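Encoded as structure tokens, the structure appears first; notes follow it.
Per-chain numbering from 1; labels A, B, C, D, E and F assigned in written order.
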């Protein structure tokens, strides 16, 4: 039944390695100094929590456009912490849960975390967890208030907790008065510069220097801008699609340009 | 009871041949090069998923006006994939389900799909699945968020999944922030050109060349436009109705013109 | 209990003769060529469905002002079909049902219909079935979406189904995006011409030619218009009331004029 | 329990004499020809239903300002019908019922009525039965639709039913599209003329001619108008209050004037 | 359990002396002729109900600003009636009740009252009983309609009932169409005149004539007005606070002025 | 189960020392005369309640910007009272509770308090307890009304109760008509003056006089204002973060300035 189902999907202690690993299959490509800066900032917060006598609770929001790499980066930070309790919380595991079941699940995860001296909780896609839908707007009040409360609830004595949350909807969280509950925020940018894109294409091993140049040039021609403006996730998928085509560079330019265009109309 | 009912209507593995076949009874008439292009694009996505090492999840939205052939084309793509697990999901099988039961049913179908190395899920009339009603507007938040989550949930290791969804309500899905969750979209157009209509009439075997010409001319006269603008579904039904009349061409023109007019007032 | 109650009011196969007959107690008076045209159109759709190899599903909406005869005409069409399964669905039999119970009842009726090779379902007052109330507006989303889905759900192989639905609220159904789900619509008009009214009075056998003339003249005087504009139902009731009075024509004119006036203020 | 409670408060057959009598304790004072006309109109409808072969269902709405005598007049009509089944339905007996319980109670009462050849149902304060509250506005959709359906549901063969409903909120019922479901309406007016008031004072036996004159004159002075504009219910209570005072006429004028003023500010 | 809990808090017959006494601990200070007039008016209504043959039901609303003494005055009237059944109904005893439980509790109390020949029911803070919240606005429809119905429901034969209700929210009750259900209203004013305040200070026994004068003068200085405008409840508490201070008059003036200011900003 | 869970987290009598102590780990730094004034005012109210014969119920609202020290100051007041029953109520302990469960929990806590001669209840973050969310706005009506009622409910004879509530949302509580239910309010300010900030830095023992000066100067430079405007909570955390850096003053200035900026955009 339901409770049993919760029980078995919840490793009381230990690290959610498989869950995190799955999110890191695409690796972390250091296509820009931003990436290093982001990872370093994550580490800094983790060290602050780790330090004896310091604040026992810290929450960090990773926000950015779709596919920009928020989940992978949060997973990387969590794994690199080496904390004994790491939990990955995602709406994917709560499909079909009632609002109350979600809240009870969250409460349970936090209670489990409080049992370890050092814990990380990653909350992925926090705007979906509160059932946010722009029409209305509608969302789960119950889950939202529970998150507000849990983000501010100090662990018991000798317990420390750091929370990383990812979201594409920073402004929504601000409206919901959820964003201000975080102690810190990290912005995860799109791939915006042509040389960043070049770095990624090169890293893929599939593009000759010439292909690379042609692809980037064609993208600039199609989109009419030197600015790239797309998440790394889409770039990696587009490389994969292009590889199936005889005209690698052309197909890549076509597919990615379509995504860039869609991004612009969605987010401007 | 309810769970038992779900169980018996859900073939855990295997292909929903009867369900798909029922949607293809009218065949696929190649009345325009668009049709071939659409089917080829579907095949391309299927091949991309099939390829070892590629992205394990792809979702494609087929959208177009009522009766334009979305369901038949999605069914054709699914059958042609030859994937070992093919599931056809339709609101018709969920009449009387609560929101929660719908979500649990969806969740179950996706879990089943994850058990096969290569799976296709066809979700028909996705706007009805979320109980969309324009007044209000109202819709099922619960089902909507579940679909958003499921469309982005990666299958487990060594499992691949392609999703085709059909809808007449692309703009609604966009408002609901559901459309952007799809990796690709395929537009299914109405029959718009007179020569496309001629092709279909000829294919029916019921119209002499003369009947054909007269029918098309009369439609142009009644509707006052060379543009046809109606789904193939209606054309096939109208042929059938016309066949019952002594004045084949006249009756056909009358019936179809009424549909064309209704279409215009509804969708402009 | 409830399920038992459903069971006993639902003849699994067979014809709802009593239900239909009750709606035809007032007979069908052929007061205008419209009536014949309406009945013929109904027959045409029934024949189309009956014909082997043709479309297995057809839905027809009869709409018109209150008391114009929609229910009687739909009942007549259904009876005249001679189909082996005829079901009359009315909100009257669902008083006190929850939304879910209504949907399950509807679903059951359709499932029963699919068991017969040729079926008719008459859905009376479809706007009340969806609990439509103009203030708000409010309605049952659940029942509405179920009707949309059922109106488009093809019967299984070798099964055919024609649906007649009646409503006073065509524009409401259009707003709810329910009206466009019907394959055809039949408008049932008020009695509008004085000679139509004369026909009905004559048919009643209670009015002398002189009474008839006086009544019609007085109505024109009171309402200030040659246009009658009232449903046949009210005319039949008013004749009955007038018969109780010594001044047959005068009382008839008075009573009916009041109804005509009320109609105008309600529907303009 | 609840069902048992319903059972015992529901005389399956028979006349709700006590319930009706309670509403007639103040008698019917014939203070104006209106009263006789109203009662006669009620009788007329009852006779029409009684007549063999006539329409088996008639519904009449009595509407008017608070305390104008609607309930007493409806009770009088019901009792005078001498029909074998008379039922008085009032929200007072449904305090604490859920919407569904109310609907089921209503449905039961109508079903009981259908068992008698001739039945009267009096529905008191129908706007409270649908839980109408002007703020929002709010009301019970479930009860409203049930009433609409029941008001139009024909009794079975050889059964006849007349329904009297009372309300202070004619415009509300119109907005809710409930008012048009009634076959006839009877307006119950306030006591508006000074001579009507004089009639009632005289009938009370407590006022000398002089007291009477003084009271009426003072009311005119205080309210600044010859129009009275108050329900008979309040007049009877005010007489009672005044009787306790040494200054009968003055106290009566004072108390009633206050009510008249309140009425005006409420209803204009 | 819940029912048991209701049972034990509900004295079936008898007088809620403790409940009423608690509300009268501060006594009734006759600081103004208004107080005597109010109490006399209450007595008058009670006598009217008591009188054999008179109206068996009377409801009186006591309304006024916060702390003006409504509850104490209603309690005083109830106790002074010497009726055999007196019940004090307050939201305080219904914390945690569902809407239905509240309604059932109210219904029970009224049924109990109907068992006694002469009953008083005091309903305290009636706007809280209907869960009124200005934002929205929101309130309990269920409780509101129940109160409307119960306020107009005549007791059975030989039973009489008078209802006193208190509220700070007369305009809210008017909007909710609840206020007009009362037969009479009594306005309970703030302490507005300086000499009324002087009376109360003198009655406290703590203020010398000089302190009194200084306090009043300082209040006039601070608030900038000769009008006092505060409830007696606050005056009594402020005296108590001031007594703890060496500077009796100064502290009293300071504390009370703050309240007066808050009152003005809240209620203007 | 749930009831058991409530039971064990609810010390029927006694002092919630651990709960309160946890909130005071950062101590109370007397960085400004305001702090002393606030604590003295709290003591004054406690003494008033303690005094025999005085008002048995007093409620005090502590409001101020996020992190300004409300919770710590309320905890301090509660502990310093030395009352035999002290209860700390926080939404953190009610995650996953339904509205009804929250209300029942609150009701239980108050009932427990009534059993002690002298009780303190601290209600932390009262706006979260009512599930306040600015979008909508939405909140729990049920909890809100329960709080209103409980704040005004006098303890039984010989029982006294003082309530301290904290909130960042004074204006919200005012809109909800909850704020006016408090007998008194205490404003808790941000650290606004540079010399207050200096006091706190000095108290930390980590800053040399020079560091201190530089930090304050840099903050003034970055934020462009002499006004500090941030809660002490953030200052203490920022000191801790800065301590991890070689450039103590610079890092402190940077981190705190960011918070100050965020505060300004949020609250202006």
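Note that in this section a contact is a pair of C-beta atoms (placed from the backbone, for glycine too) under 8 Å apart; a residue touches a chain by one contact, two chains touch by 3 or more.
Worth saying up front: this structure is predicted, and the values here are computed from it rather than measured.
Path length between subunit B and subunit E in the chain contact graph, taken as the least number of steps between touching chains: 3. At the interface between subunit D and subunit E, under half of the residue numbers appear on both sides, which makes the contact a different-residue one. Farthest chain from subunit E, judged by C-alpha centroids: B.
Chain centres were defined as the mean of their Cα atoms; on that basis the chain farthest from subunit C turns out to be F. Computed centre separation for the pair subunit A/subunit C is 58 angstrom, with centres defined by C-alpha atoms. Centre-to-centre, using mean CA coordinates, subunit A is 33 Å away from subunit F.
Touching of two or more other chains is recorded for no residue of subunit D. Because contacts link each chain to exactly two others and close back on themselves, their graph is best described as a ring. Passing around the ring starting with subunit A, then subunit F, and so on, the chain order reads A, F, E, D, C, B.
For subunit D in complex with subunit C, the touching residues are 44, 47-48, 51, 54-55, 100, 103-104, 106-107, 137, 139, 141-142, 144-146, 148-150, 152-154, 157, 175-177, 180, 183. Residue ranges of subunit E in contact with subunit F, taken from their complex: 22, 66, 91-92, 95-96, 98, 125, 128, 131-135, 138, 237, 240-241, 244, 262, 266.
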